[in-house]
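Each chain carries a letter (A, B, C and D) given by its place in the written order, and its residues are counted from 1.
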């Protein structure tokens, strides 16, 4: 855990110094907006006159308290800027994750149990297309279809312009309408992947000896599948929960940009496009921390459903 | 007779972490203060059940793992000071699982050929490709395999044939001592006899010494004049096989002999 | 052995169709100048945003360039990014995985911590960041995608090696007095060939996706060089008027990536030892 | 004694890469009430397939029973008015589930993988009891619990409560195999099938498990089918033995008859290849070659390629022949008189 945090911060730090010459020059060179003032601020922020390990140490000390300095763009604290965007991102990701598990798991199980059936074959085609499709393209197509051609759903932002005038239910409905496309698009890739993976895991589990024992006992097939097989198949699937987080967060950078969703991903993308150094670092590290937190939650669930772990 | 291998006060402990967060470790005394010797040209049997430490002894002798304490001497020289090559030249091993002991991606010619080449390097002989091939064929013939299988792969062979290939690989080094770690326990009964007979033939032809490890007391008694009985890392009984079988002294040995299923109609 | 492989391959419809599409695409990339009817960078403002027709059968873009020609040339970018990036990833991933799995101990520990860190990072953001700092040219893109996508393979190969190390043939190789390098490259490597091959095939698909996403966000191969991603970006601004501009390049990406995924999964089916004999 | 199970002309096939593996051919077998029947054969001869077929447990994705009948006569013997289907192969799902576990119990080779790792032993035993005995003789939780404890006590487990609360990975192999037996007998089956019950265990445990099986067979008056590759085990406890080779029964006789007067060349050599009581220096009898490929079987006698007494007559179809009372052999060269072949 701790080595991971150090490693993540170290890589971020290295990338910071990756730009040719000193980061200040490169930043200043690429972005005219960077004033002499922010240049000196950057200098003091990173203590660029000191040796690299001192720089790293000082920087590490600050990021422990989530102090990433001030944004170049508007001089506001990076921490505040990220914190106000975080809820929108979390909302999007949690909903996508929820959707993925809710849909993918039953699909995977059914495909595995009815291996070779029409349903299984259909789902195989769906999953292949699912993880081959460029999801940003899918997003564009859906925007054209539902936003432009049919006009059913809004295609950007989180709220409508006249949002303030709505009743509570109206506000909620407005939010839901804005959420549909981004959530669907960001869940799509994971959906295909997880269905495929659940199918594979389930097929593995069904072949185990204890499933044969359960049948030999005279258990009805649905108990064999949903009690004996599923409990075991869930264990590797939950581990995937942790591993699928970086993908979701990465996807966020694209979908939040496409749908102009006011989340952290869009903030990060805009920061990169305007070379807003402190903000880039802040977003990167927070994103890594979110992933870590997700992994921890997955580990915890793992501990709860696999009795073998506790006694190791 | 002269001792070929001598083992003195050998110890190997394993330490297992008990819990995820606990710091106290569980000690497993896999080999606990063991001494014995193997004479030239004999088959020494080593009997014990799973977890008794018999495979650990095999691995310690060929130095796949290293002991905490104790010394192993080969012809009065300490094995710990041998180079890998010198040890390989003198001691070889035959493994239990004929499916796991051959690399599935290498041809039979490669598997045996690389051993022949290492041997040539050690002895300083320089052999042409043709000579190496001839040597491989000679070894294959010794273990009763057809000699035209050099470019075949392990999956084309049955368990018994694979075990023969494994024996051929060990023989290719022309060792003095062969450690056979349960060489027949995963084979069918009808194949077991083939391999046992082959080992006996080889012993006579090359005057080899064997450490024959097995859990089947009947088998060990049939093969070896002298045997050791191991229990929980210790040797609990040592002596002539016939003697131990007829009149076991140790409680565990008695239990072991008691529990061998006997074919009552033959007694 | 190859004969058996080909026999199974022929009967695997998925893998076969994937391979055929890939061959067609490769030919398209190699002979782009002969296939494309127009110069992909030739502008014709008078004829801008014309819908698909007999003359420009995938239409033209906002500068009047022929979309079909641009897509044909874009194949070159996508395929070369895919190949080189995966090459880099396979090289790093395989070496680190073999070392970690064979040596174990602190070597393994160090490499696996590195893998954990890589798996924690939102890779795409990392790539965005690096590309933004080092100018976005095709060379950097290949390299960065390669450098950020090896960790999965390392993990896979390490796992395989660890389980193989317990198998007796590796012990036998040690007992034969073979050198470590020979054991790693002659005894271990051929046994992890299957996961490497599958990873590489699937990896090309995902590298192509990453590159197009980068281009889409304006950090990929820069215009006027045509890449599927940057044609799509241009299309984004005309979704109200010119659907063909965003539809066709996306379809090209979909077909290509699908072909690689089909081939990869097909290869897995064919080569997976669990499906075949015990060790075949 | 009357038969409780009768297998008639059973054929089983597996499918491996679109090739047909002929696992069992024309197997006829009857199991009498309260007898211990040994089924002996080398790996791949079809003995486990036989066990799985009896409970119709062969996965449809892997293979199927192509011909034959398996008649369970338990109902007939105990409930005289039973009119339903007695053939397990054509039985409906509901009746089949009552047979599985309820009338015919089964014990598998590897106790470590045969228990579900995520449930406690207790939960897994309850499950059997709830399936087969709730609504009959057990109707309260405490009755079920008591019965589970009883089953564990029956298999000589000293601390049943503790075992009930344990997960499979917390127990040793010997303990798990006992628990597996406890689970199988908890519903009082009339037939118990034990498929290599001691192969994964140490010799000292092997004896204990065998004694236990014998004791339970007598206490609960069950019929027991013991499937193994180990001839010595069947000699120890079985009353009747069948020998299987390459998917066919080649010899069937009472225990003593098989060991003292074996008639099939394969059985004779198999017994000779055991290192039991071999005098010093006398070599073991060797059967040359390997077991035939079940995808591409030899015609006629399946042992013919490895048999040194074979002649052209062995190439025809060979049927079981009774050579002595209750002693059947599938060999065309079998001599009518017993001579000291080994």
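Before moving on, here are some points about what is shown:
Quick note on the criterion: a contact is a pair of C-beta atoms (placed from the backbone, for glycine too) under 8 Å apart; a residue touches a chain by one contact, two chains touch by 3 or more.
All of these numbers come straight from a predicted model, not from anything done at the bench.
The greater number of contacting C-beta pairs, out of the two interfaces A-D and B-D, is seen for B-D. Measuring from the average of all protein CA coordinates, the nearest chain centre is that of C.
Inter-chain spacing, taken between the CA centroids of chain C and chain D, is 52 Å. Distance between chain B and chain D, defined via averaged C-alpha coordinates, is recorded as 34 Å. Spacing of chain A relative to chain C, judged by their CA centroids, is 22 angstrom. Shown for chain A are the residues that touch two or more other chains, namely 311.
Across the assembly, chain B contributes no residue in contact with two or more other chains.
For chain D in complex with chain A, the residues that touch the partner chain are 52, 55, 57, 61, 93, 97-102, 105-106, 108, 110, 113-120, 127-128, 131-132, 167, 169-170, 180, 183.
Contacts from chain C toward chain B in the complex involve residues 1, 167-169, 171-178, 182, 186-187, 190-191, 193, 277-280. Residues 3-4, 7-8, 11, 15, 18-20, 26, 128-129, 131-134, 136-138, 140-141, 143-144, 148, 243, 246, 249-251, 253-254, 257-258, 268-269, 272-273, 275, 280, 283-284, 287-288, 291-292, 295 of chain A are the ones that touch chain C when the two sit in their complex.
Per the touch definition, chain B reaches chain D in the complex via residues 49-50, 158, 160-161, 188-194, 196-197, 200, 215-219, 221-223, 255-256, 258-266. Within the complex formed with chain D, the residues of chain A that make contact are 115-116, 208-210, 212-220, 228, 231-232, 235, 305-308, 311.
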